[in-house]
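Take a look at these structures.
What follows is chain A paired twice: with chain B in the first complex and chain C in the second.
Entry: the complex of A and B
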C-alpha cells in the first residue's frame, strides 16, 4: 500500500460466508403460537472481510477457534463459495469460476497445506504416487521421466530421501509427513500457498524444522503465504504482516513488529497478553469478561463490544470499519475517538 | 515421609515384537504444595508416568519394576477397593479433552453428585451443596443452573472448569493435570492456568502438570522434569532449567521456540525425531540426535550428575561447560 508498484496478489473484498444449520425444508418448520412458520438459522462464519495479500509476504491470519479463519482459507482456495463479496487473484475475479477448465490455471498457482498430515495424505497411495498426481494433472504434456525428475527434485527440496518414494505415509513420522504435504504443494511450482495450521499437530522440535523449511522455500521460490494459525509465538517469528480475526471480522491488521510492539485493538491486546512466555513471572494478562458469542446470533455493532472494557453506546450500535491509524489498520470506535 | 515417592519405576508394554519399556529409572518425590511440571514431546512417556502414579496402566502395559509410594503405601500392592479410595479422592486427575472426560448423556449435576456419593456417605442434597460450592470456586456463573445442563451446552473453557471442579470435589492432596489446556484457546488457557495456580496455592494441593508447552510450565510450576524416550533426563527448579538448561535436549527444546530467535531468522532445530521405543539404543538415548555426542555416549547410559539445583543425565555436562561448541 506504500507504493503503487505493490499491487496485491490476492484481494478479498467484502467477503461474507454463512452456513445454514437449520437442515432441510421439514426441519425448518417450527410451530409457534398456533401457526406453523418456516425458520432458518445461519452460522455467520465470515462477515464483511476485506484483506489484501501482497506479493512475497507471509500474511498471518490469527484468531481463536471458531472465528472463521479456516473458512477464509477455504474460500480463498475456492473450496467453498462465498455468500457475498468477491475474491481476486492478480486482479482476476476467481470466486465466480465454476468450470474445471477455468479454475485449473489458478489451482496451479495457489496451493494449500492442511493441518493434519495424518489425514491429508492418502494412506493407500505411495509417496511417489501422491506427488506425481498433481504434477501429471497440471502438466498433462509431460512424459513420465520428466514427472519423475520433478518428484525427485521436490522430495530433495523438503529433505525427504527420494529413494523413499515407494513407501506409504504410515511409514513416516508426523514431521516427515508434513514435509511430504509441503512437497505436494510445491510440486506444481505455485506462487501462493495457503497454509491452514500447518504445524499445530507437530511437536516443538519438529515445528521448528517445518517452519524453517517453509521459510527456505519462500526464499528460494519467492512464495507468498497466507498462514492461518492460532499460535501467536509462531506468528511473531514467521509473519511479515498479521491480521487478527474475531467472530468473522478483522479487528486489526498490521506488520508483525508493530502489532507485537504496540497492539491497538483491545482484543489484540488481550490475545497477546495471554501468550505464555518463558521467563515472565505470570505477569498480569488482560482478562476478558464473558465468552465468545455464538456466530449464530451476531452481536449488534462491534462484535467485540460485549467483552470490551472500553465499549460505549456507539460500539453497540455501529459496526466499526478498518481504518488506518498510525500505520496500523484497526476497527475500533474507541481508538478512532481517541478514548484508547 | 514424602507425600508421593516414586522409586526406580519401570513400565513395560508387551508387544508382539517383544516387551517395550515405556518408562525407565524414574525417581522423584513430591511434597505437599509442590508444583511439578513434566515436559517432553509426544511419545516421551509423560502421560504413561501420570497414569502409572494412579496405577491406571492397563494391558498390555504393566508396572514391571520399582514402586509408587503414596504416604508410604505402595500403590501396586493395594486392592482394587483401596485403590478406588485413593483415586479421585486423595489423588485426582484432570485430562486433556473435557469433551471426552465428561459423560455426554448425564447432566453436570449427576456426574458431580455421583462422584461425591461414591466416596462418602452423603445424601443428595448435601452433595448438591458441595457441588455448587466447588463450581463457585472455579468461577462458573450461576452454578445452580449448570447442574441441570449437559456438557454440550457449555463452551470448551467452561467444560474444562467443570472437570477441574470435579477434580477438586474430594479435596485431593495431589492433582495430576494431563495437558489440561492443550485443547483450549490461548485466552482461555491463561484463565485456566491462573485458576489452577490459585486453587493449588489456596488449598495447598500438590500439582503434577504434564504438558509439551514450556511457556505454560514456566508460569505455573516450580520444579521441572524433562522427559525423553521414557526417562527423566533433567530435573530441577523450573527457573534454573529454563534459564540455564544443562542437557543438550532441553537446550534444543528451549532454543527451538520461536520466541528465542530474532524475528525472521531460521529457528534452531533439533535434527531428526524421537526414536520409537522399539528401537534399542545403546548408551544415552539422545546420542543419535546430539551434536555433543562422543564415544562414551554411545556405550553407557549416563548417570545423573548434580549441577546447581539440577540433576542431569548427560556424559558431556562438564565438558560442555568448559569448552562450549563454536556454534554457540
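Entry: the complex of A and C
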C-alpha cells in the first residue's frame, strides 16, 4: 500500500485563482478625489495551493464554506482556467490544454460527481440517453448493442434497475439520481474521480448508502478520489488522507487517522473541537475570535493570523509554507518555531 | 433483433400518449373553454388555408374566371346580391369568398415562414451570445438593441421601397412573398435572441452543463442538445405571438402598397383594394377580409397567452 502511495496521480503546484467582481469596463470606473480611476477588484478564491493526490487513495479536502474547495475541484477538472500555477496528471501538464482533441484522453480518465443531483442530470434526457452519451463519445467505434450492454452494466453496478432506462430524472428520488450521476461518471471507466460534496444534498439515511457505493466502486475499479466535503464524520469514514483548507490555502495535510488523533494546526484543532460528541463536556471547545476575513482583501502573512491565539509579528508579515513535521504537513510558523 | 428494437419503441410511444393525456398541459387545455375555442378556430383557419383550392368556388388567380361586369356585387344575403357569389365580389369582379380563402393562405404562409426565419436566426444568435458570453455577447446584444430601436415596419418600408425602386415593380411582384418573409424575418430576430439568451444564461449555470463539459462534449453539442431543449417553452410561447405579429406586419405593408400584388392578394392587400370603395357603399370588400384578419390575429394571441400561462408564467408578455 505504501509503495503505491508514493506515485502522485495528480499534482497541483502553486495554484492561484481569482475572479473579477468589478463587472465590465464602465462599472470599473470610480470617481475618487476629483479623478476618474479604473478600479478592479477580485475575489481570491485559491491562493498558492500545493496538493498531491496519490494513486489509489481518497484524499478529502475539507474546509468551511467559501474557502475555495469547489473552485479547486473545478480547476482540476478544467472547468475553470487557473490564474497562475499548474496542474499535472501523471506528470503531464493538463491545465494549459485547450483543443478538444488534447483534452479528450484526460476526460476519459478523470470524471466528476456533482453536489446537487437535482441539477446535475439534464431534465429533458432519459437516463439511457444520459448514460449512453459519455460511452458513445469516448468509444466511437462501439456499436449500439455494446453501448447498451455497458449502460446496463453501470446501472447494475450502482444499484439502479436497467429497465428504468427510459424514464426521466424527475421520476427518481435524490438518492437514486445521485447513483445515476455516479453511474455517468463510472461509465467511461475513469481512474480518478473528483467528488464535489456528493452527499451534502442528500438525506442522512441515503448519505451512507451513496458513500458505501462510492467505496465499493473504489475497491472494484481501483479508483482514486478527490473528495470535497465539509462533513468531518464523512472524512473519518471515507478518507485516506485529509487536506484542511482555509481561505484558499492549505493549512494541514495528513493521514485521516493522525489528523483526528493529533491535529497540529490551530485552525484544524478548532475545527475538530467543533464536532458535536455524545459525551460532551463543553470545556473542550476552542472558540475562534472574529470572522473569516473576506477573500477580496486577503490578510497579509498567514491568512489565519487574525483569529489565531498563537499569532505573532512574523505571522502577520510572512506567509507560512507547508512543511513536513513529524509526518504531518503543516503551514504554521508557531509549530515550525516550536511555540506550539 | 428487429422485434427487440421495435418493442421498446412501441412501449415508449404508448407511455408518451398516456403521459400527454395525464399532463398539466392537457388538463389546463381541457378546463379552458377560451383556449379550446381559439384552437378550434385556428384549426379551421389552417384547414381553410390548406384546402383553399378545393373549397373555393372560383380560382381568383385565373384571369379567365374573372368577369369585370361582376364587380362590386354585394353579399348574397342583401337585395342586390347574386346567389353564385356568397360574400359578393371585389372591384375586379373576383369572388370575395374565394379570394379570402387564398388570401388567408398567403397571410399564414408569410407569417409562419417569417417566424421560422426569425426563430432560426434568433435561436442561433441567442445561444451563441448566452453560452459563449464575453465580448461576442456584448456585440450581438448591442446589434439586437440597434435593430429593436427601429420599428419593424419602418425597416421593412425602407427596404421594400428601395428594392421596388431599384429593380422595378415587375420583378418585385414576382418575388413579393419571398421578400416579405425575408424582411419580416430579419427585422424581428432580436425578440427570439433576447428570450433565448436569457434562458441560456439561467441554464448554463446548472450542473448538468458542467457535467456535459466534463464528459468532453463539444460546445455546439452542449448548446444544441443540452441547453436548447431546456429553453423550448419560452420559444414556443413567443412563436405564436410572433406569427400573429408577422401577419399584422404583412397586412400593414400590403395595405401601404408594399406587400402582395393585387393579382395575388393577401388579406392586407384585399383590405387595401376595397378601401377606395368604402364610401361608395361597397363596404364588404374591406370589412369582411378585415374581420377575417382580426379574428385570426386575436385567436393566435389568445392561444399564445394561454400557452404562456401554462408553460412558463415568468416570461415575456407579447
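Going forward, the second predicted complex is superposed on the first by the 330 of 340 C-alpha atoms of A that agree within 3 Å, B and C clash if a C-alpha of one lies under 4 Å from a C-alpha of the other, contacts with A are read in each partner's own complex, and residues count from 1 in each chain.
In this section, a contact is a pair of C-beta atoms (placed from the backbone, for glycine too) under 8 Å apart; a residue touches a chain by one contact, two chains touch by 3 or more.
Note that the structure is predicted; figures quoted are calculated from it, not measured.
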Q. Is this a clash or a fit when chain B and chain C both end up on chain A?
A. fit
Q.
Contact-wise, after the overlay, does A:257 reach chain B, chain C, both or neither (first, second, both, neither)?
A. first
Q) Counting only touches as set out at the top, which of chain B and chain C does A:331 meet: first, second, both, neither? A) neither
(Q) In the combined three-chain superposition, what is the angle centred on chain A between chain B and chain C, taking C-alpha centres, to the nearest 10 degrees? (A) 80
(Q) With both complexes overlaid on chain A, does A:123 touch chain B (first), chain C (second), both or neither? (A) second
Q: Could you look at A:270 and tell me whether it touches chain B, chain C, both or neither (first, second, both, neither)?
A: first
Q: Answer with first, second, both or neither: which of chain B and chain C does A:215 touch in the superposed model?
A: first
Q: For A:184, select first, second, both or neither according to whether it touches chain B, chain C, the two together, or no partner.
A: second
Q) Is chain A touched at more residues by chain B or by chain C? A) B
Q.
For the superposed arrangement, tell me the lowest C-alpha distance between chain B and chain C in Å.
A. 12
(Q) Give me the intersection of chain A's contacts with chain B and its contacts with chain C, in residue numbers. (A) none
Q) Which of the residues in chain B come into contact with chain A in the complex? A) 41-42, 155-158, 185-191, 193-194, 197, 212-216, 218-220, 242-243, 252-254, 256-261, 263-264, 266-270, 273-274
**Q.** Residues of chain A that touch chain B when the two form their complex
**A.** 64-65, 173, 175-176, 203-209, 211-212, 215-216, 230, 232-234, 236-238, 256-257, 270-271, 273-282, 285, 287-288, 291-292
Q) Across the complex, what residues on chain C touch chain A? A) 8, 11-12, 15, 138, 206-208, 210-218, 226, 229-230
Q | Interfacial residue positions of chain A with respect to chain C in the complex | A | 24, 74, 77, 79, 100, 103-104, 107-108, 110-112, 114-116, 119-125, 133-134, 137-138, 166, 181, 184, 188
